[in-house]
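Listed after this line are the structures, all set down as structure tokens.
You will see two complexes here that share subunit A, one where it goes with subunit B and one where it goes with subunit C.
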Partner chain A sequence: MATRLQFENNCEVGVFSKLTNAYCLVAIGGSENFYSVFESELADVIPVVKTSIGGTRIIGRLCAGNKNGLLLPHTTTDQELQHLRNSLPDQVVVQRVDERLSALGNCIACNDHVALTHTDLDRETEEMIADVLGVEVFRQTIAGNILVGSYCAFSNRGGLVHPHTSIEDLDELSTLLQVPLVAGTVNRGSEVIAAGMTVNDWTAFCGSDTTATELSVIESVFKLREAQPSAIVDEMRKSLIDTYV
Partner chain B sequence: MAWGYILGFNNMFGSSGMAEESGMFRVHQTIGSVLCCKCGIPMQPNAANMCVKCLRSEVDITEGLLKRLVLVHCPECESYLQPPRSWVKLQLESKELLTFCLKKLQKNLNSNKVRLVHAEFIWTEPHSRRVKVKVRVQKEVLNGAILEQSYPVEYVQQEHMCESCSRVQANPDQWVAAVQLRQHVSHRRTFFYLEQLILKHGAAASAIRIKQMEQGIDFFFSNRSHGVKFVEFIGKVAPVRSRHDRQLVSHDPKSNNYNYKYTFSVELSPICREDLICLPPKLAVSLGNIGPIVICTKVTNSIALLDPFTLRHCFLDADQYWRASFKSLLTSRQLVEYIVLDVEVVSSEVTIGGTKYRLADAQIARLSDFGKNDTIFNVKTHLGHLLNPGDYALGYDLYGANSNDMELDKYKGLVLPEAVLIKKSYEEKRQKKRGKPRAWKLKSLEMEVDDKGRVDQDKMLSEYEQFLKDLEENPDMRFNISLYRNKEYQPSEMASVTDGDELPSVPLEELLADLDLSENEDEEDNMTE
Partner chain C sequence: MRSQLVKSKARRPKRRRQGLKSWPITFSPFARALALARMPKRHSQNPTSSVNIPRHSHSSDDESFDGVIQADFSFFDPKPQDFHGAKTLLQTYLDDHEWDLSSFVDLILDQTTVGTVVKIEGDEDEGIFALVTALNFHRYREHRCFFTLKEFLLRKARQDKAVADRLRLLLEEQSRVVGLLVSQRMLNLPPQLLPHLYAALFDEVSWATEDEPTEELRNSFKFKHYIILSKIYVQKSAQQKRKPSNDNDEAIIYVKAEDEIFHKLRNYRPTGLVMAVEVDKIATFRQELASLISET
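Up next is the complex of A and B:
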């Protein structure tokens, strides 16, 4: 289900939060409203962690992660790193990356299997991404923009990209990512997709300016309508149990 | 090197970004369609990511623009007010009117950061007092999307008589400035010539009335500056002395507005071409001891004088003349016809001021004496290049003249020549051509003639005829004048018969065609070309 919310009267929720299948990071805000929305949706399924990165609140754009790991920029302080290590589940590897392009959230877009990165990313960083997040890395651009982390948002079920992406590019990216992609907008025609929304396999959060049309597009491409967190667990259970005694 | 490899690698998938570099394989890009974020219809992505209808419903770029304006119009002269005070004559549905209307909108458009793209008239009834213009504007909205919208602007025409029309209505004869041109001589040759000059240069275009007076012409203007302009024009073409005065007509004590009537009194110098002059001694000395008897050869804004016996020349400009202020001894009325008996050239041909002269000794006799008695004069003349024995010439008869000029008395011991020849006479040949129309015509100014009977019609006609003959004989006089081809002229068969030297006439190339001097021509056309 897609939810509309605001962070301190600003609709760019993807900037102030990071949502994955295993955890959710939320910025420290003036009021608790932002946090409580996430809590009400996710509390019983995944941990919702309040944090800052490098003393800033724009955590969604500074870190990149999936259910396997979390990458933080070199500006993260030791205390923040320790706090995150303590709060997140043990199977999530938290790693600080020494990378010139420190806004990792803008440079890396990933789900649990594939990652798209900024074309100028260091070799070592690319290896670390492959290592920590356990994904296959592709350097790409989206509609001529090198900040792939900003202009697309994708989960394991589908993805939304910059509206000016051509059909050939869409096909190419779709092949790489192995998920259906659609070009669209969020927050009433804003092209910066990942800043306006944050998504995982069963839920999405968008800015409150998002129109009904955009919301329906998001729900259809990310297949959120029938998704329930328990559904995934049930599917896993089906594959795990082969016989009843 | 490695970077180059990666580029190549990425190109296998035809990445759009990398393909910007030249020489690489480019995949054809098809723009996909997105859904309009408001109404959900599929559309091409644009800067606002909303379909045009939604964008237009959201943003009205004509908000804050003027839709209704006032144009002040004068019904008498069909002109529109251009603030603060000038009136321009404009036709309905014309380009100039469109420019005029758009200019009024410009400031408002600029302050709203809206750009004008196209404008055209919407037809309205001519008597509806409305002018409608459809204007198309562009404005940048949201994040870089440019929206174009067209809207109608209505101009309401308010009727208000302009100042000049109201003044004319109040008193049609009202003038503000009057220029009184006078020349104290007994002929009107100068005024004929001035009339042609004024016509050529259109100097009297703004005159509301022209009146012919004795010894001069009066011009009336509705604006002081027109009068000043006219006086300056005259000052450039003739040596004049002028003074100006004004008379208070009305006075508004509250706003301190004073209305005056201005008069300019312009006096032309009485010296004309072909006049015989005796220079005052002081002036003759200051001009380099030029012989006191001189002929005036040309009058423009300075007077050209020629000493016929020594071929020395000098110029007097208006200031110099009016300081000395002498009159001519004999004028062209007093020219007497002579027959040339013998010519002996003394010096070579000299060119002064564009005209050729040659000093010669001539034996001449007055035509009245010729055959009757033996009175022969031996004179020096400057017309050696023109005269041959047997020619007729016109000159001043100083031998028989009784002049009581004050300047002459100042010279003690001056020996006057017996005759001074001025020009060659073509009278004999003219007799043959009498009555035949000329190949060219002149225009004339619309003048009111003072009908008190003092003007002698015959005298005027003969003077005019003389003026036309002068024009034919003097090419440099024609220089400043426009001559028009006479449509009624048929070259006669007799023209092929030549007898001796030709009568000087105006060559056809000098004539301006394309002028219709028919009777149904308006008064306006007479004054302008």
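Up next is the complex of A and C:
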């Protein structure tokens, strides 16, 4: 199910949060509203952790992660690193990366199997991504934009990309990522998809300016309507018959 | 009498051409360079502004340009595409209070008969430089954002009981004839535009009292009072000022200059932020504003 919310009057929820299948990171805000929406949706299933990165609240754009690991920029302080290591489940590897492009959330878009990265990322960082996150890494652009982490959001079940992505690009990306992709917008026409929303396999959070049309596109492409927060869904996928639409 | 006014569905920009001794209002050196590169095409008589401007200008020093820059500010009716620009301008309207800003902006943009938006003609960005409108409290009383707004106003006025009571009277019993005057702009906007902007607003209000399709709507624009929410800086003590000013005696500094004129004409003593102005004083306001602008 997709939920609409705001972070202190700001609809860019993907900037202030990071959602994966194993954990959720939330920025520290003036009021507790933001955190409590996440809590009410996710509390029993995955840990929701309040944190800052490098003393800032734009955590969604600074870090990249999936259920296997979390990559943090070199600006992360030791206390924040320790706090995250303590709060996240043990199977999640938390690693600080020494990369010139420190806004990892803008440079890397990933799910549990594949990652798309900025074309100018260091080779060592690419290896670390493959290692820590356990994914196959592809250097790509989206509609001519090199900040792939900003202009697309994808989960293991589907993805949403920049509205001006051509059909050929869509097909190519869809083949690489092995998930269905749709070009669309969020927050009433905003092209910066990943800043306006955050998604995992069973739920999504969008900015409150998101129109009903945009929300229905999101719910259909990420297959959120009949989603279950079960870790075994993927493994059982081949033997299960999908729901008849 | 009003043959030149055509409030048709086709949008009519009301043109106010202003010569500026200042920069086109843009946010980055790159955008500024683009704007300058565009302008010589429109104004061939432009004296000094150079034509060979590099498209990707990385230098941030503007001192190399001098002379008069022409920019065409046009006044438009509000339309739905202006949503993001209007929302940005109104972001701090209720300080940092969390409220339904999006639906408030939607209300403003839906009211096309009264309300003006200032944009640069032909700007692909569709950035909004200023916004003025007047919203009737009674007409929108059902909307949640107006509840929050009223609550906010009453809370701000709470320190002074008499003022709070009169404000509550205005907002509730007399709400049919009370309008919220919303006026937000980029702070560097050339002040020469202001008299025209306010003229446009007050003219539209008076035209709306005659042109609106239904009786109810016509009456909703027969305002007796305007409520204005304005930001000011108050001198904290003899030594400290929140904002430096040339005039050492100024006890209150207004973020928007015209608010000072409103303050003088007020009927209710403002508690820093909220003012209610009687409509009859508007004519005086327009005169004073014109003289203020021509002096500065």
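Structural remarks
Simple rule for what comes next: the second predicted complex is superposed on the first by the 229 of 245 C-alpha atoms of A that agree within 3 Å, B and C clash if a C-alpha of one lies under 4 Å from a C-alpha of the other, contacts with A are read in each partner's own complex, and residues count from 1 in each chain.
Note that contacts are C-beta pairs under 8 Å (C-beta built on N, C-alpha and C of every residue); 3 or more make two chains touch, one makes a residue touch a chain.
The structure displayed is predicted, hence computed values, not measured ones.
The superposed arrangement places subunit B and subunit C in clashing positions on subunit A.
Look at A:Ser208: by the touch rule set out above, it reaches subunit C but stays clear of subunit B.
Once chain A of one complex is fitted onto chain A of the other, the partner contacts of A:Asn33 are limited to subunit C, with no touch recorded for subunit B.
Looking at the shared chain after the overlay, A:His164 reaches subunit B, while subunit C stays out of its contact range.
By the touch criterion defined above, A:Ala64 lies against neither subunit B nor subunit C after alignment on the C-alpha atoms of chain A.
In the superposed model, A:Arg188 makes contact with both subunit B and subunit C. Of the two partner chains placed by superposition, only subunit B is touched by A:Thr141; subunit C is not. Contact with neither subunit B nor subunit C is seen for A:Leu72 once the two complexes are overlaid on the shared chain.
Once the two complexes are laid over each other on the shared chain, residue contacts for A:Leu25 go to neither subunit B nor subunit C. Within the three-chain superposition, the subunit B stretch that clashes with subunit C turns out to be 59-67, the only such case among 23-31, 59-67 or 293-301. Shared contact residues on subunit A (touching subunit B in one structure, subunit C in the other): 188-190. Within the complex, the subunit B residues that touch subunit A are 6, 10, 13-18, 20, 27-32, 34-40, 45, 48-50, 142. Contact residues on subunit A toward subunit B in their complex (touch as defined above): 119, 139-141, 143-146, 163-170, 172, 176, 183-185, 188-191, 211-214, 216-217.
Every residue of subunit A that touches subunit C in the complex is listed here, in rising order: 6, 8-9, 11, 30-31, 33, 188-190, 208-209. Across the interface of their complex, subunit A is touched by residues 83-84, 91, 96, 98-99, 101-102 of subunit C.
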